[in-house]
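Beneath this line is the structure, given in structure tokens, with notes to follow.
Here the chain labels run A, B and C in written order, and each chain numbers its own residues starting at 1.
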Amino acid sequence: MSVYDVLKEKGITLPPAPPKGGLYTPVKEFGEKLIYVSGCGCNIGDEIGCGKLGKEITVEEGKKWARNAMLNVLSVVDANVGLDNVKSCVKMLAFVASDPDFYQQPAVANGASELLMEVFGEVPSRSAVGMVCLPDNLPIEIEMIFELK
Amino acid sequence: MSVYDVLKEKGITLPPAPPKGGLYTPVKEFGEKLIYVSGCGCNIGDEIGCGKLGKEITVEEGKKWARNAMLNVLSVVDANVGLDNVKSCVKMLAFVASDPDFYQQPAVANGASELLMEVFGEVPSRSAVGMVCLPDNLPIEIEMIFELK
Amino acid sequence: MSVYDVLKEKGITLPPAPPKGGLYTPVKEFGEKLIYVSGCGCNIGDEIGCGKLGKEITVEEGKKWARNAMLNVLSVVDANVGLDNVKSCVKMLAFVASDPDFYQQPAVANGASELLMEVFGEVPSRSAVGMVCLPDNLPIEIEMIFELK
């Protein structure tokens, strides 16, 4: 079954691929059928996330922003190699902008893992860590490794 | 010589593999005989680490927590692919929860490197960086790439 | 054309490979012709960077430190596998020591991307994130994956 049929069936709409925020390559192929997807923020159209978990952003809001960041990742993959070429979700690194006393980064990152589970039926290896701040005051940024068919 | 004989000889006891802290895969195989090990914290049984380097945790304590985090990594590798299948230690990313004025992350991460040296006789490439906070207020979290035989 | 000719033509001088700051391997080969370069700081000779972006260090200064960190990365690659063996720049992770209100990590990391563009004519995938602090109070640390010929 095509990933695009899965998206349609689950009512998941991919946003347009986000604009680049600097001098880098959004998706880089390497090694044996692997791609590295550059860190994607969580802004989609008018939905602009600003602030830190434990301060301006709640865990529930953070989960939604993490899902949005992964939607941006998928949209970048779609635009560069096509989602049906993905064989496996290898690694997620979830950067969570955090107040020094915020300790629930994994609960927040689960918002992104849940999207991968819905779309690909599997979740990658993962780290979810607290960052003192992120570009544009984003609450979440996510980078990914996928394996291609 | 089996890694398990080395562990016995050096008196190193692997803890049980730590429980998962979210929706992810503990060990993911990818590419040409590689595995990514998800970020492991440093808690083992009753030994619960809490706080930041430069604040509640000293460098010496941090080294011990880093060693514990690597013990958890090895235990996860053991449970998933077996330690005797490890060919090489490729990459360590050591996340060190830090007060803004703490600058000795490498000395802390050496606690984890020393364990790898004892067990495998080699150390990986590495970065050791200061995090504003980590899940569950952990002082240390470590993710690893290993190459398999 | 040799990378060393490019360096000469552009007037780029590689510093001596920086001393190791802990127990790790500076360059580790893995998988299918890949290398992981351990996190490199931005100090070169008498040029010692100290402090955080948004506090002691401006964006323009940060760009220069990011370029210096990448010069150190290239110097480590040169010393270990030779720059002419590099086929492709795969991934950059730019750690930017940041005040909690500093949000321009990508502009800072561009200083490192620009050097890669000059030397190899391409840029890797990338994440650029805010760290509460880095070893030795460095403003910038960079780790890289390259693919070899």
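Quick notes on this structure:
Here, a residue touches a chain if its C-beta (ideal position, glycine included) is under 8 Å from a C-beta of that chain, and two chains touch if they have at least 3 such contacts.
As the structure is a prediction and not an experimental result, all values here were calculated from the model.
Superposing the C-alpha atoms of chain A onto those of chain B requires a rotation of 120 degrees, given to the nearest 5.
Homomeric contact chain B/chain C: same residue numbering on both sides for under half of the interface positions. Separation between the centroids of chain B and chain C, computed from CA atoms only, is 25 Å. Within chain C, the positions touching two or more other chains are listed as 31-32, 100, 131-132.
The residues of chain B lying in touch with chain C in their complex are 31-34, 88, 90-92, 98-107, 109-110, 113-114, 117, 122-132, 145, 147. Taken together, the chain B residues at the contact with chain A in this complex read 21-28, 30-32, 36-39, 52, 93, 95, 97, 100, 131-137, 141, 143.
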